[in-house]
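Multiple structures are listed underneath, in structure tokens.
After this come two complexes, each holding subunit A, first together with subunit B and then together with subunit C.
What follows is the complex of A and B.
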């Protein structure tokens, strides 16, 4: 796989290996967490931010939207843990509420991209021939542009809001999954167990649905965990540029964009949303790297 | 002169002639002394004639606190670096209608006359050495220096000046209205008397002509030789060439013009006037607010007029910097879509604007409330017109009467990256949310916003609200209102971006254009402003802007002017050895 865009992932090379039958899910998870302390850190960070996606708005001690300019740019205190912004809103409440935008949007984007990409990859890889050619040239068309530039162009054309950010980034991400899945399908469909299934008269639907698709999941999951971090960054990046979430939405990128004017005199305003973004991306990168190493027999410790 | 209080009247006359008082101050003090309006107008005339026959060939720096006009201790550092926030795509001074461009032009191009010091009605020489007019303001004569040359070495005589004005008027771009209001036919109305004398003949009395000639937008003199050399069959005015090159008569000539990056000028040795202090002027384009502040604080830049209010308050504490604050003629407003909002709705929205919060907490005092599009520094300002204050109950009632229901959504567009605009928009949004109205904020690039505002997009496809602001090209209420609210100026024909079209306003504005006395100007302007603000509101007029320019502490001679906003009097500025 060639992936040469900015801030992109390293190529994922996973040699599929079916786990021993006696290993349960919980024992696998425990083994993964013990594999490296960084895995544990990644999982903890992700758990924390996933919790905020669901409960962030409920936990916010103050209204994250309603301005109160009398309290503008207050430093962190026992009332306002992360200080206040230029309109007197509590930065802590906005960071908590912002998780569902920054991280939630990234999940939506990747979910759609995975479904579309997997579907295209499966069809192209399994059917082959002209269909493969056509679908792959279409994929190449999207891959030919630098990801963020393409997303900016789409977002700017469609209009500046979060819905269009989702569309723009989905368009950018699905081709990677199409390529990835197609490669896996090409490799899998020559394997003996597929040949065997075909020999006993299994229908193409059954072969794809029961044998090929489940065997691509591991690769997709690893790629997905690596991509979540970048999708969060891209969502915030578009918002930072004014192409994504619009004020007063407490999206982290929008907050950082608003805060950069004040960073000399109100360090807290840019620091905390920046920190939230950094830790989220760090968490997913640690998990992605950990999973890749864990699933790759060449790097996995026995 | 009023015989009852001769001493005070004489003092007022002397103050008027010396240029110490503005036109408005003369008027108010005259009225306080019990002088009749004709007497005050005579005083104002005396005031403006005070600059007609200057003896000094070029101005000297106005003394500032800590400055010694004679025997000054000059620094050996003769480079001056100013900061801009964006590029200047059009360098043609007869086409660009852009504040940053005009700031550059004052280094390298010249008008015939310029505004004197902080006054908006007193003049001093720029290219012309002397000027005069007849009693009924129909003939204006300018005397040029015999040694004036353009940067390309060609002489700048009366013929060259006529050709430059002919190009400006016939090309008809950007700020042409500044002069075309007075001169429709340059061939007939501009007369070369001799090589150093040029006369402008009006078709009717035009007391504001000198004010317009001192505008930094448009009446700048370009080289006819360069025009001849670079015009083509497709571009008879060589606009493409002038938009990227500079050939004027100013004290500085261009060395490097990178329009999105920096502009470098060096002193022009053949300059006809007094030799300026700085050898080199560099204008750097720095889009980020924080970076501009940093460059000023580290001393890498020496002047910046584009610092946001929040940073200004912090920079005031820095002993290495001086902040020069000044009242301006600028009024900022939120245009309301005339085609999509009825009068009741627009009145309702005016009541929903957070006036006090914006002025105190967002603009941080660099503004004051205003009762319409005319600043209190502009002739025609009427203090009797009431000013809106926030009243959400009244807003709700009016919006309801206008047929607007709770939950209805409106759109507000502003330039991305402008944190002041973003903060104001969110406060307005919060106020409207309290009365059940949704306001959707739309950030767009500044270029896209300008294209939408000044393009031909129909009003139905424009947002409900758009932020903006304006100041006149010269001190005149018609010049402030006409491009923004006359039906002739809608869409690409002017700056009437929200298609405000009120026949009564049009009629009054047409009368105002020909008003001959200050009383008439004041009366008509008042009537127009009352309609624009209250009866059939065109915009939410939320503030008259106070500006500030930040300078390094060793810079001397800078004099701000309420009309030349964000510009510099490069010719008089210098650096003291501290």
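What follows is the complex of A and C.
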């Protein structure tokens, strides 16, 4: 067994040994939701915010960008549910429209990171030898970097906008997936079914593409779920610092930065974007934790 | 074994530092603006800009600048800050203790609260306390630190007036004579109790905000470690022997349960140093995180590279210490 694999690879070992397709997908989902009320809460929160990513701007009752100074810093009311900001914009509409930026960007970042990381991990793990050594030292290098500082440096160097936030955070996240996938590949490579595939003359491409890659999905999905929360926090953190989304974009971190000077007189201005941010991250953390527990029979028994 | 481990890791440290410096160096030279022009100011004559370019070595080829930079690093010479015009090493010496004090206080907060909470959470599984412990361990990772910082400032400073909203000490209060650079410790060493409490009061809110995520992780690790250990046969044996529950938990279970937590605590310290940026900015905490942020704003690349290097080095060093602690705590590892 490879000693360097992280704890997160363990549950999947067990998961894979369970005979596949014994249960239908929907019964597994129901079992998962019943397993803990927190799983259900996580799924509900994620569903809500995913819905807002797609429909948030359409549902917003007011224009999230157009200022209306006559209405500035109004407390929450029946027309302006979350009150208004210093330019008279509806905070509720801005929070709804913001999901697209804060959560949407996190998805883009992680999608790229997963693809790059998986590719590097597959190559390193399958080819092995010097290639493995070189690629892994490279990932170590990136992992030794303080993530936020690196992202800050990249974002500031390339210019302050969301596109560069994506680049900065992708650079920060891909090594984790490379390492994770490599560990899985090393473990899978020695299994009988891979040996069998090799014995009947399957090409390396086929072995990696058809047999190894699909078996890394479970571990990637768990990690991905847990990482969405971090990516959302990092994206909004950079925007809060002025290195990501720029005003008047209704990104949640940018909104909180804007609220900084006013919130002592207008509690609603800072409260709602922060709550949206917290609940989004909470949803993904709950789901990630739940998935990990659910897929690991050791904790399941308890 | 342990000596070999240390030597290997020290080699890795050198490799990492070289790599880090190369990455940051490359990054800072992609900057579209001209650093020499930045230092000279917008109204400086072209001759003055050229003079500065020469003075700071900015006219030489890139690889030369890098070699010069690295050979300086070996002598702890980080070059000159382009904005403060002081040697960066001097700036770091000034700002680093503040960050270390903040990170240590956050760590202390996370460990002192997290370990007992994790133990109690595991021992009294599914109790109200366990629910509290688990809530902390999930919420702590979900609340954005910059938002929490502002909310706490609003409640504890603006509304209740309990705690100051930033700085290490009120403006005008004399700093304690520097020994460690940590104001709380230095005040104690000077025997100045009121100053100690004043510094402590300033430290509470930032370290609470910074330490919350670490608290969440420590609580979770200790809890799951305890749960795993408590289910094992030797614990049942110890219980069957009629040992008191407190003895079983503290003497038999805790040591084994803490092992995974040690690793995580070490990793957290590195993360805290990095995560300090946001907290330092909001609480006007004069540490290297805020220094780095200001440096980034000013395209002061010497300073940016240095801070990144220092934090990266601290991260790798702490990990080395953790590995050593791990070997010392778990004799089984020494064999393999």
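Methods note: the second predicted complex is superposed on the first by the 280 of 302 C-alpha atoms of A that agree within 3 Å, B and C clash if a C-alpha of one lies under 4 Å from a C-alpha of the other, contacts with A are read in each partner's own complex, and residues count from 1 in each chain.
Assume contacts are C-beta pairs under 8 Å (C-beta built on N, C-alpha and C of every residue); 3 or more make two chains touch, one makes a residue touch a chain.
Predicted model, so just to flag it, every value in this text is computed and none were measured.
For the composite obtained by superposing both complexes on subunit A, the positions of subunit B and subunit C are in clash. Touch criterion met: A:246 reaches subunit B, while subunit C stays clear of it.
Using the contact criterion defined above for the overlaid structures, shared-chain residue A:264 touches subunit B and also reaches subunit C.
By the touch criterion defined above, A:72 reaches subunit B but does not reach subunit C.
Once the two complexes are overlaid on the shared chain, A:124 sits clear of subunit B and of subunit C alike. More subunit A residues lie in contact with C than with the other chain of the pair subunit B and subunit C. Of the two partner chains, neither subunit B nor subunit C is touched by A:168.
In the superposition on chain A, A:274 contacts subunit C only, with no contact to subunit B. By the touch criterion defined above, A:145 lies against subunit C but remains apart from subunit B after alignment on the C-alpha atoms of chain A. Common to the subunit B and subunit C contact sets on subunit A are residues 159, 241, 260, 263-264.
Of all residues in subunit A, those touching subunit B in their complex are 65-67, 69-70, 72, 86-87, 159-160, 241-242, 246-248, 257-258, 260-265. Across the interface of their complex, subunit A is touched by residues 12, 15-16, 19-20, 23-24, 27-28, 30-32, 125, 138-139, 141-147, 150-151, 154, 158, 224, 227-228, 231, 260, 270-271, 273-275, 277-278, 281, 289, 292-293, 296-297, 304, 307-308, 311-312, 315-316, 336 of subunit C.
Taken in their complex, subunit B has these residues touching subunit A: 288-290, 293-294, 308, 310-311, 314, 357, 360-362, 416-417, 419, 422-423, 425-427, 429-430, 440-445. Of all the residues in subunit A, the ones that touch subunit C in their complex are 3, 7, 38, 137, 140-141, 144-150, 152-154, 156-159, 229, 233, 236-237, 240-241, 243, 253, 256, 259-260, 263-264, 267, 270-271, 273-274, 277-279, 281-282, 285-286, 289, 298-299, 302.
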